[in-house]
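A quick write-up on the structure given underneath.
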Amino acid sequence: MQLSTRNQLKGTIKEIKKGPVSTEVIIDVSAPAEVVASITTGSADSMGLKVGEDVTALVKASSVMIMK
Amino acid sequence: MQLSTRNQLKGTIKEIKKGPVSTEVIIDVSAPAEVVASITTGSADSMGLKVGEDVTALVKASSVMIMK
Amino acid sequence: MQLSTRNQLKGTIKEIKKGPVSTEVIIDVSAPAEVVASITTGSADSMGLKVGEDVTALVKASSVMIMK
Amino acid sequence: MQLSTRNQLKGTIKEIKKGPVSTEVIIDVSAPAEVVASITTGSADSMGLKVGEDVTALVKASSVMIMK
Amino acid sequence: MQLSTRNQLKGTIKEIKKGPVSTEVIIDVSAPAEVVASITTGSADSMGLKVGEDVTALVKASSVMIMK
Amino acid sequence: MQLSTRNQLKGTIKEIKKGPVSTEVIIDVSAPAEVVASITTGSADSMGLKVGEDVTALVKASSVMIMK
């Protein structure tokens, strides 16, 4: 089975909070991983991003899918 | 400055591939992190998710924002 | 292998258009399927959604992941 | 009225589950449809996607908008 | 025609940048609007959000759909 | 601090509705702003988008992040 998303962060479920419709799952991700971001070239240029630079990848909880 | 997303994965830019409109940024994330996923309760129940279970968090590249 | 997304639309690749960073994949989906939408309760109320009603599910191309 | 999303899946509401903030709507989609996915070229290449191949389109419930 | 998204920002196209697969559209939004955000309660609590507070709504370009 | 998203809509919190897992935040956005949309070139062509044209930018509540 192959998935088109290369952002596959392995970890262990630390906490589960269930609501009537939505559920929050908190995962401890310890293994190093590669995160691929696709942003507009306009943003990349205005930020002046360079290889070797320290950055933070931000992801909304509602964009995270879970596989097991 | 505070952000509503708690998924903040720190790392270093490893590769940048620029297109006319989109740019792909590959980030080496080594520091352990907590990843919060918000899924439907229906999914959580049908998967039978439990604390302590090993899972993989999947995120599309187009959902990843960059901060520096 | 289980996925937290229940929206799994089976089909056949009809066309692939490659760019330097993004690729568009057009898939013919013929099999009937169940599509789950998670919207705000405010929206559901203001639209007055009812079981049995005909509606259209809208999904941005950038939100579609591919599995094979 | 025109929309920039070409993924327009017609169906009938089968079930509605309301929470205080989020609501889940399950839609029976029977009509054949074309689904357009936009993924990174890196993913398309590593998956070796080809026209005529059987694949599954995955979409998170939180990415589905409803029109009526 | 009704849409489940209440975030409908009216404006005028200022610039269009076309790539082989993706296109960037820049829209001048002048009319005041209401923006609805759905975030995790965990985030809302940790940010201590209150009515009357000045905040900024952040949206990725890939999450914006266009209607005309 | 720089963010890769250029869609930064400044406003004031008008209402907060808390659920067990999700929270809805309604923000009055009055200041004029520039909204950048990234759509497929196929969509842009089929809609025949032109500079100077009046359009509406649509954004799902679950795609809106909050900064303060």
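Labels for the chains are A, B, C, D, E and F, by order of writing; each one numbers its residues from 1.
Keep in mind that, in the parts below, a contact is a pair of C-beta atoms (placed from the backbone, for glycine too) under 8 Å apart; a residue touches a chain by one contact, two chains touch by 3 or more.
Just so we're clear, the structure is a prediction, and the values are computed from it rather than from any experiment.
The minimum number of touch steps separating chain B from chain E is 1. Averaging Cα coordinates per chain places chain A and chain D 21 Å apart.
Contact of a single residue of chain F with at least two other chains is seen at positions 2-6, 17-24, 36-40, 42-44, 47, 58, 60-63, 65-68.
If touching chains are joined by edges, the resulting network of the protein chains shown connects every chain directly with every other. For chain D in complex with chain F, the residues that touch the partner chain are 2-6, 19-22, 36, 38, 62-63, 65.
For chain F in complex with chain C, the touching residues are 17, 24, 38-40, 42-43, 60-62. Interface of chain E with chain B (complex): residues 17-24, 37, 39-40, 42-44, 46-47, 58, 60, 62. Taken together, the chain E residues at the contact with chain F in this complex read 3, 5-16, 18-30, 32-41, 43-44, 47, 49-68.
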